[in-house]
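You will see chain A twice below: alongside chain B first, and alongside chain C after that.
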Partner chain A sequence: MKQLLAILVDGSVYASWLFIISAGLTLIYGVMRILNMSHGSFYALGAYSGAAMVGWYFSTGSVPWFSFVALIAAALVAGISVGLLVERGLLRFMYGRDEVVMILVTYGVLLIMEDAIKLIWGVEPYFAYQPYTLLGRTKFAGLSFANYDFMLIGVSILIGLALWYGLNRTRNGKLLRVVIHDREIASALGINVARIFTITFLIGAGIGSLAGALTAPGLSVVPGMGIEVIVLAFAVVVIGGLGSITGALVGALIVGMARAAAVHLYPDVELFVIYAVMGLVLAFRPQGLFAVANARKI
Partner chain B sequence: MKTRSLALLFVLGLVVIAGGLLLPQWMSYLFTIAMGKGLVVLGLVLLMRAGLVSFGQGLYYCVGAYVAGMLTQFVGVTDILVIMLASVAVSVAIAAIIGLLLCRYREIFFAMFSMAFSMILYGLLVRNQFLGSTDGFNVANPSLLGWTPGAEASSDLVLIVAVCLVIVLGAVAWRYLKSLSGYAGEAVRENEIRLEYLGGSVFRVVYVKYIIAAALAAIGGTITALVSGHVDPEMAYWTTSGEFVFIALMGGTAHVAAPIVAAVLFEALRTYAFAVSPYTWQMILGFALLAIILFMPSGLWSLVERFQNKKARKTS
Partner chain C sequence: MKRPLLTAATVACAMTTGAMSLNVYANEEYKLGLVTFLSGAASGPFGIPAKNAADLVIDAINDGTLPAPIEGKGIDGRMITPVYVDEAGGATKQTSEFRNLVERDGVDAVVGYISSGDCLAIPAVAEELKMLTVLFDCGTPRVFEEADYEYVFRTHSTASMDNIGAARYVHENVPDLESVAGINQNYSWGHDSWRDFTETLKVLRGGDLEITTEQFPKLFAGQYGAEISALQVNSADVIHTSFWGGDTDAFVLQAAARGLLADNQVIFTAGETALNSLGDHLPDGAIIGARGPFGPFAPESELNTWFQTEFTERFGTPPTFPAYHMAHALIGLKLAQDKAGVGASTEEVITAFEGLEFDGPGGRVEMSRGKGHQAATEMVYGRLKRVDGEITFTDITRYPADCVNPPEGAETVEWIKAGMPGAECN
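Up next, the complex of A and B:
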């Protein structure tokens, strides 16, 4: 019983973390048809800038509670400005190329960003544990949980709701959905597709860095963290169906629960189980759970 | 193939081997590694000609290397030919199973799922204490038909075998691309439905290419394991596979020699970039990758073709 509760809580925390990361990835793919390999680097960028900012903030001795604002603001500013640079400076010259070529382009961006992060912040690990310990822990049914993790669940729900509302209930969201549905017709109708692309990429990059910033207090920020994360995010969005936000949510829940169960019951298969689940889902639903079927082109 | 080209290849092989042996130790080591990687990329290029980019060739690269390592270390088999055959057999067996699932997919799905499979192997290896977890384990020196070279000459043996393999397999691959099945690969890339109408089986074409690529990757992994004397799970990590895609893109898919040449250039570029600035070598590679995609989409081999075209125009 106790173990089941631990699995459920750990699974939800892990799932909400995965969802925040994957939401940006799947949004960018849905609109721009770019499977953004450098998404993990935006995650790392957010983690580094957030952690560095928190470290600096606490060294000034200001009110501890505002460190959350500092954490998130630093990550968003860093993520969005680098995102702007990547999209305007590079990606916009590549639109219309093969999806596989775009993977390689973003792979190049990943290589560059990984080293740029090392150049700026060095190779020593960063710690920003203060916000994590600030919230304290809750004892429940004989288990101790960090409140920070519960906050993470809340934030992921907020992000999910915001994305859902933005896409379904606002004018810009509707324009975005037109672009997702058919890029050419959208531009024929007078929608500024290039601007929609830029905005989408910035939102995606922003959410990616936000995910990094929110993770930073819970662990040490080290080089290579973005490279580890990207393959997990791929598994999540592929299970849910590329380009579907709902899919990312379900995929995150499936992967999160599967991993939590593996960690508690049989830790040796932790990494293996994620891809095993992915293989299983794809064996039955080759396009993922929530993907829209594509007509075969002749 | 004409007798003249065969003789040319033979002479080329001798020259490369002699050159490789005369190079300083560290250079001939890098050259052998490049030969191994070149073979992996050759397999990848076969797939790319059919329009499929695999981000998971690291899987078979790693399988080949681990089979070689386990045979020398735990079974006591050191004969390089036996090791090669065993690596290929294991890889082909795995590819035959995974291929059934994977060859239904195209484009980014193919890329991502092949990556996922290599990450499964990575996940299993890092948790396996017996196989040294993340550290991997050492590989004993190989022998050839009962002849056991000393520790010094061992890498020379691998170099000779590697160059011979590259030339023989390169020639076979060249011949294969001129065959019906080879051309069918391009048809898959251009239009699958037309190929089906012509009576070809798209699945079989892709499946066979996938298995060939796996076998080549295993040979490449075996060469790397034997020359470096060490294997670790990093070989199955997706960045290793990314490196292979990088090399393939760098060389281009126009000719079977392109991946081999590109692998040598890549190793040189990487060593140089690492020596110049150890913290930014990835960045240099990243910029190189972007420059190739932007300015030379068909890879470095397009330079050779441009040169040949110019010569052809002059003579006509």
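Up next, the complex of A and C:
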């Protein structure tokens, strides 16, 4: 019973973390058909800017609780600003190119951003642990959990709801879905596709950056951290189906629960289980669980 | 009359030529390849402290300002010019970079390598290119257990020492020890560390040891929530971890926030790098190792005082064990080269290096294993204790080199399983 409870909680926390990382990645692919390799760098950017801001904030002796605002605001400002620079300065000139070309372009962005991060923040680890310990912990059934991790679950639910509402219940969301279905027809109908692309990229970059900021309090922020998570994020969105928010949610839950179960029951297969799940899903649904197979236009 | 004149002229000519060649030699540079992580996750906690130590020690060697017992300017009179290479990129890339250092840059020696994978790949190339190479930080015992090398040296002990020492320490210092749990990285370092720790404990306890859980998360996983729960569910008397760098930091932060470190006895075999940044999160009683007598465990000496003071002043943080490892490698190389004499061939330097004994900032280094190419040092563990808010250590135990290092020619696992014959612990 204790073990089952641990698997459920650990799985949920890990799934929430994965969903926040993956949501921006899958949104950008869904709308823009860009498999954004630089998403990991936006994650790292959020972590660095958030950690630097929290470090500065606490050095001023200000009220600890507002450090959450500092953490999130710094990440969003950095993510959206750099996202705007990347989209307006580079990607817009590449729209319409083959998806493989876009992978290479965004991979180039990833390398540039990784080096830029090192130029700005150096290679020494950054810490922003105060928010992680500020919320305390909860004990039940002989187990102890950090309340910060429960907050992470709440944030992922909020992000999921916001994306669902934005896509399904707002005018802009409906316009965006038109672009997802057919960008040429959308353009012919007078929808400003370029503007939709810009907004989508900024939202995706912002969520990626936010994911990094929310992760930063639980670890040391070091160079290369973005590259580590991008592989996991790809596994999640491939399982759920590229471009599907629901797919990212379900993919994150499957991976989170599978990993937590493996850690508790068969630790030896912890690393293998994520990719085993991905292989299994792709064997039966090559397009992922929630992506709709489209006929190719000729 | 003609003959003495001719002899005098010949002697004068020879002396002038000799003096000129010595002068020319003194003006030559000693090009030294230095390979350490300058990017990637291992750069912050390992690569950069090691590079900082290299900068500090090389400057001191060139200026001749290293404290006693190290004497003389430069390496056999030549000024060291470092050629830095980033270790990131994996073993295949590093073998190419090594060739570049030798064939393109024309270095006189190479000091480097933190990753065990690189340390296993480089020696064969060093032998092929006949390049004097000093491995400065990697822990795998396989380098000299699986092969003999002429051109390769390592100036610190292997990871076996860390974990044999850890097992001895918990056996002696944790009362009523019955069970252990482990969380180690899922690659050779983590698996070997856990194996050496548990096998040694089994020997010390006559085979009686309960293992409640063995966790092997991916290297640089960063998220250890499920593993921490598993350690809580499968409670043990001691939790062993050989985590290093950012993984140590993340584990300490997450485990401390969930009370795991306060409620359990944890031993960090490489935890010293986290002391400066996250010492506040480690509870009193946590057992800390520094992969040798380094950092807070370094023996008092003029050289260590100089190293700690200068390093802290120049870089704003005290030196951790990767910095000590680099200092030892450079000092060992200088002493071997100086011992071989001015103008010595690489082979003569190798002869001088084999079996060398010297004192570095981290104490005595004996090149007594691997046919004189592998060092053995003492190992130290202690329990963290705060005094007036400052981190200090209590219950410090120093294990002599011959207590925690397999003897010359022995293979680690076989030696442990045989009951560690010949181990001298007093």
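Throughout what follows, the second predicted complex is superposed on the first by the 295 of 298 C-alpha atoms of A that agree within 3 Å, B and C clash if a C-alpha of one lies under 4 Å from a C-alpha of the other, contacts with A are read in each partner's own complex, and residues count from 1 in each chain.
In this text, a contact is a pair of C-beta atoms (placed from the backbone, for glycine too) under 8 Å apart; a residue touches a chain by one contact, two chains touch by 3 or more.
Every value quoted in this text rests on a predicted model; they were computed, and no experiment measured them.
S.K.: Determine, for the superposed arrangement built on chain A, whether chain B and chain C clash or fit.
M.R.: clash
S.K.: State whether A:K118 touches chain B only (first), chain C only (second), both chains, or neither.
M.R.: A:K118: touches chain B and chain C.
S.K.: Quick check for you: in the superposed arrangement, does A:K2 touch first (chain B), second (chain C), both or neither?
M.R.: In the superposed model, A:K2 contacts chain C only, not chain B.
S.K.: Under the stated touch criterion, which partner chain does A:D149 make contact with: chain B (first), chain C (second), both, or neither?
M.R.: The answer is second: A:D149 touches chain C but not chain B.
S.K.: A:L271 contacts which: chain B (first), chain C (second), both, neither?
M.R.: In the superposition, A:L271 touches chain B and chain C alike.
S.K.: Just checking: does A:Y132 make contact with chain B only, chain C only, both, or neither of them? Give me first, second, both or neither.
M.R.: The second partner, chain C, only.
S.K.: Tell me the contact category for A:V263 with respect to chain B and chain C: first, second, both or neither.
M.R.: Touch partner of A:V263: chain C, not chain B.
S.K.: Quick one: classify A:V222 as touching chain B (first), chain C (second), both or neither.
M.R.: second
S.K.: Based on the superposed arrangement, let me know which partner A:Y14 touches: chain B (first), chain C (second), both, or neither?
M.R.: second
S.K.: With the touch criterion stated at the top, can you tell me which chain A residues are shared between the chain B interface and the chain C interface?
M.R.: Common interface on chain A, chain B vs chain C: 114, 118, 123, 267-268, 270-271.
S.K.: Under the definition above, what is the set of chain B residues touching chain A in their complex?
M.R.: Touching chain A from chain B are residues 53, 55, 101, 104-105, 107-109, 111-113, 115-117, 119-120, 122-124, 126-127, 191, 193, 238-239, 242, 245-246, 249, 279-283, 285-287, 289-290, 293-294, 297.
S.K.: Applying the document's contact rule, which stretches of chain A touch chain B when the two form their complex?
M.R.: Those residues of chain A that touch chain B are 35, 90, 93-94, 98-101, 103-105, 107-112, 114-116, 118-119, 123, 227, 231, 234-235, 238, 242, 267-272, 274-276, 278-279, 282-283, 286-287, 296, 298.
S.K.: Which part of chain A faces chain C closely enough to touch in the complex?
M.R.: Where chain A meets chain C, its residues are 2-3, 6-7, 9-11, 13-14, 17, 114, 118, 123-125, 127, 129, 132-133, 137, 139, 142-146, 148-149, 215, 217-220, 222-225, 228-229, 259-260, 263-264, 267-268, 270-271.
S.K.: Which of the residues in chain C end up touching chain A in this complex?
M.R.: These residues of chain C touch chain A: 38-41, 43-45, 47-48, 186, 213-218, 220-223, 225-227, 229-230, 232-233, 245-246, 249-250, 253-254, 256-260, 263, 277-278, 281.
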